[in-house]
Amino acid sequence: MQEFEPKIVAFVCNWCTYAGADLAGTSRIKYATNVRIVRFPCTGRIDYMLILKAFQNGADGVIVSGCHPNDCHYTSGNFHARRRWIVFNELLELLGFDKRRLFFSWVSAAEGAKWANLVNEVVTEVRKLGPYTEYEKLSKINVNSIGELCNV
Amino acid sequence: MARIGVFVCHCGENISSTVDCAKVAEIASNYPGVVYSIDYKYMCSDPGQNLIKEAIQKHKLTGVVVAACSPRMHEPTFRKATAEAGLNPFLCEMANLREHCSWVHFREDSTTEKAAELVRVLVEKVKHNEELFPIKVPITKTALVIGGGIGGIQAALDIANSGHKVIMVEKNPSIGGKMAQLSETFPTLDCSQCILTPRMVEVAQHPNITLYTYAEIESVDGFIGNFKVTIRQKAKSVDHKACTGCGLCIEKCPIKKIPDEFNAGLGNRAAIYVPFPQAVPNKPVIDRNNCTYFLKGKCGLCKKVCPADAIHYEQEDELIKVDVGAIVAATGFDIKHSDFFPEYGYGKYADVIDGLQFERLASASGPTLGVLKRPSDGKEPESIVFIACAGSRDPAKGIPYCSKICCMYTAKHAMLFKHKNHHGKATVFYMDIRAGGKMYDEFVRRAIEEDDVNYIRGRVSRIYEKNGKLIVCGVDTLLNSRPVEIEADMVVLATAAIANSDSEELAQKLHISYDPYHFFSEAHPKLRPVETNTAGIMLAGACQAPKDIPDTVSQASGTAAKVVALFSQDELTREPLIAYVNNNTCVGCFLCQSVCPYLAIEKEEIRRRDGTLVKTVAKINPGLCQGCGTCVALCRSKSIDIHGYTNRQIYAEVSALFNRREYAGV
Amino acid sequence: MTKIGYFPGCSLNGTAKEYDLSLQAIARIADIELVELDDWNCCGATAAHSLNSTLAVALPARNLAIAEKMGLDEILVPCAACFSRLAQARYEIKSDEKYRTKIPQLIEMEIKGTANPITVLDFLNKYALDKIKDKLYNKLNAKFACYYGCLLTRPEHLSTIERREDPLVMEKIIYLSGGMPIDWAFKVECCGAGLSVVRTDIVGKLCAKILDDAQSRGADAIIVACPMCHSNLDMRRNEINKNLSTDNEIPVVYITQIIGLALGIDPKKLGFDKHFVPTDKFLHKLQKQTVEV
Amino acid sequence: METKSKIEPLAQPLKEKILNEINELVMKCYQCGKCAAGCPLSGEMDYTPNQILRLLQIGDPLCDDEVLRSMGIWLCLTCDTCHSRCPQEVDFPHIMDFLRSESIKRRKVHPKAKEIIAFHRSFLESIEKTGRLHEVGLIASYKLKTFNLLQDVDLAPKMFVKGKLEIFPHRIKGKEAIARIFEKAMKEAEND
């Protein structure tokens, strides 16, 4: 049987993780092809409802990654991202969502190797979990209304 | 109806060796909305750009996706080409096929598949792109230079001589930096202070330069052209306007046994002090941590003897706010000290010293007036061992990089010793001799051939003391790894050059990135080596990576050119990727205001024609907004959006990520 | 009463009897019960890991498993060589999946790696010093060169010692027991124990360097915490002196013997008569006041 | 193949085997020589630690052969001085253990190292029989193996007087279990 190839989406900030992934490229560090990067100016911009949207659209795992604490290009965007992340996680728990498919990590512009490792680890983890199949459940949720409710 | 053009670049073989570019172009041609799709060897070349321009005009494209390298590399290039063809440049997007795909994967089906998907994502995004127009902002034509070493001095003088104002901030009581501490410089052996001090004086006297010594950066806000900086002027306890620099206070100060930083701990200074005779400014400060008056409340001798009544104990730190248009970080470096080396005695042997200490011992202005005397007993050493790569190129010690300057200064040290003591025995333990640079290798050869310095290829395993001698245990790897034990009177470790201990903190204040060793990161390792990723902030010297004097000076002048080029314009155009508010839906909760790091959100009152208030809504100040988007994610009523990363664009991207799954109910 | 597992190892039953005697004496005074592992076996020493990597883990692992079965969390391993093998075995079992499954089959016992081997220095520092500090009886008016050798300070992942290139823990213990430690340069050099029997010529050279340095810096005795170091520096002294035409007379004693003296125990009960290099002069130099315990 | 080369080609260069089996990367060594400088025995070795690593780095069967036949691998005391000071964090003692067992397996042991192996074997035999080391038994067995009949004869009587020599071995109760451990471990080594 062919091995399951999970689909991974990474929501990353432009200044740290996107540049870190660029560095992985410049350094020719090889990693799994399963990841697709969506670029944001800052993790502070990331509307976490997009994560549910990604799962609805076929993702099996999601990475959110930005600058290390104190390193944010915009001073504090990553702090707000982190704060909302906590609220969002509680919401997911409420929904009974399998949070093992979600990954949060700090990758700086200098950490090309860390990025490659992160992708490989996530792919291995999600491969163990198998394909995400509960998207029907998500489709019934009006993501926007819940987003407003929880202010995430 | 969208008419999108897709342009797939081979980047020579950088992309095409693992991605089937023709196939990507073919797949893309079938994406809805794509009316033109082509692959080409070098999209960024003139013919490549012409391909795009011609297609825009011929096919009346409404959007362009260039699938090539990272947008951090060539986005400006392709947006410019797009604009030249008459299409708004912000209707051009890049899919990152090189850094994020071809370079990081092997040649297999999934790599080409991924490349095609990346293109699809950007095609969907660009359909929702809008025409945007650059924002114009004024420029404050004053530069801030942080650090008064040779890098900062050079940058400041170059900028000031071009007719612009410069503010220099130095944390020590004098400018001069590490170079002021050196005895002679390689490869010419000219006296370091002799060539440096005229520059220091020039800085002090330059009409365009304002100098703050004994001062640090408190905070930095704003953006290119419009930074707002707060400088903390530490209390000097001496009124420098009144002080004549007579030095009577220093002479009378009863506390005289404080290890002297300028002499790398090898000499002593008083609690009120001028770091060195040629200091600029040549006026003292009081070191409050060691002054009896500040510790115990009594003494006051300096105040009593001062003929100019310049001693002001009550002086306090002062916060000075300045507006600047550009910032140059030239904060230099530090070195590891001998206590970093367990196998070389944890610093317990007084005669195992670091390179900077040797400079002070060899310097005519040093604690021994240029006579080489070892610290333990003042004896003049007959045999000195120099150890290169002490801590550098040593992953086990957390410093895998080459410190770059050690090979040269070690050769210089050995030479200086041999010049002072012709019969002395100089031994250098080294791993490789890295003497790339004009007249550099010749210099090392001179040390070996003319000055009879014994170079042994091998790393020293340990040093111990026996009967007043230091026993240095190594091997000669060029002689069958034969064990070598040398009895030395003194050992000089060419210790690793490291980032300043506070460099991380400063980087965070400046919002610039730094590498794992806390050196500041340049915007591009090859093509933008003096700029940082934060527009308007540049680098000079060893705060970026270990560098010698000529490299530092070159970079400083390069940085100055960048600053001057920026100041040659009266207005600056900024990318309009900023937030905007939908007045119709904004409920005026102002949650956004509380999270905006730039205080860019103001209140706007919406009134009827008769002047009655309808509601108060948020308004983004386009001059202040930097486009982080935190407000967008936080807005409950989804009334804020951000150009370039609009909700529509990003939802379109996410929806296009994968081939949509088939599932019931939808 | 504190209970700690005790793995004496083969040496303490033979060539290092005085180590065992003095350690037991201190434990009695400190009111600590040393519970000897039931039916323990040899750790395999250098021979096992030189010839067979599986055996090198399995032999010490059996002892760890015995300790676990006896419900012991810590095992005092006075021999530095045995300590190194037991600690390494525990490390392998905890970090290597391969050993985790293989070893229980080999030793026919369950093993989780919960029992932690400790050195005599850990033991003195953590358990004994506090309890005996009020019972110190004699001022040890002599200079001591504390010798660690390799296995107490290396490799890093097994060593519990700080400042491994110039450790000070033994010095601290000696100082707190009233002795005068000296600074010297060969405290972590290797004595060559692994080749003691087969290449005595080489070992002699290594030992001579150690002895010379200690003696030339005015030490009255070398203090060790390892039977391998002791037998090399003490039992082989005649041979070393003969081969290298030296006459090095510095006695080599166990740290536990010195603490025993500080506690006022009769030197005979500490096994001072069992050394090859005479200790009479040294003992004479120390003020002698003994109490029966 | 028609002619058999004097050096039997190894299926796989040793450096690859070392990476696969004990996860040590010999390519990390950059020949600074700090290991040899600190090694108490490098002066006695035919190849010093860095030279052995250099031979392994080349990856040539001839070089690998030289390593396995060298005396240096048998003189290593496993004192770990090299490893603890190595800037590149090469665990050389770990590699040495591997090379020694490889050398025995391929029957390439240096002639002068045979005594060292004989001693190790006598040592293990002593444990195999009784579960613990019996010093008299060890010395007797080693002497028989090497015909070094006079070695250490002057130590024995003195040890006896000092009460440090037990004439009869102590046999532990679980000696059968120990024998089984030996049997399984040895079999495993053969099957490798």
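What to note about this one:
Letters A, B, C and D mark the chains in the order given here, with residues in each chain numbered from 1 onward.
The rule is simple: a residue touches a chain if its C-beta (ideal position, glycine included) is under 8 Å from a C-beta of that chain, and two chains touch if they have at least 3 such contacts.
Here the structure is a predicted model, which is why all the values come from computation and not from measurement.
The interface with the greater number of C-beta contacts, when B-D is set against A-B, is A-B.
Mean C-alpha positions place chain B and chain C at a centre distance of 52 Å. Chain geometry summary: the mean Cα position of chain A and that of chain B are 30 Å apart. Annotation for chain B: residues 343, 462 touch two or more other chains. In chain D, the residues that reach two or more other chains under the touch definition are 81.
By the definition of touch given earlier, these chain pairs are in contact: A-B, B-C, B-D, C-D. Across the complex, chain B meets chain D through its residues 343, 389, 393-397, 431, 457-462, 473-477, 480-484.
Across the complex, chain D meets chain C through its residues 40-41, 44, 75, 77-81, 83-84, 91, 93, 97-98, 100-101, 104, 115-117, 119-121, 123-124, 126-127, 131-133, 135, 139, 142, 151-152, 154-155, 158-159, 162-166, 170, 172-174, 177-178, 180-182, 184-186, 188-189.
Contact residues of chain D toward chain B in the complex are 30-38, 42-43, 48, 50-51, 81, 85-89. Residues 70-72, 96, 98-101, 103-106, 108, 110-111, 113-114, 117-118, 121, 507-508, 511, 513-516, 521, 525, 533-534, 577, 595, 597-598, 626-630, 632-634, 636-638, 642, 644-645, 647, 650-651, 653-655, 657-661, 663-666 of chain B touch chain A in their complex. Residue ranges on chain C touching chain B, taken from their complex, read 163-166, 185-186, 213, 216.
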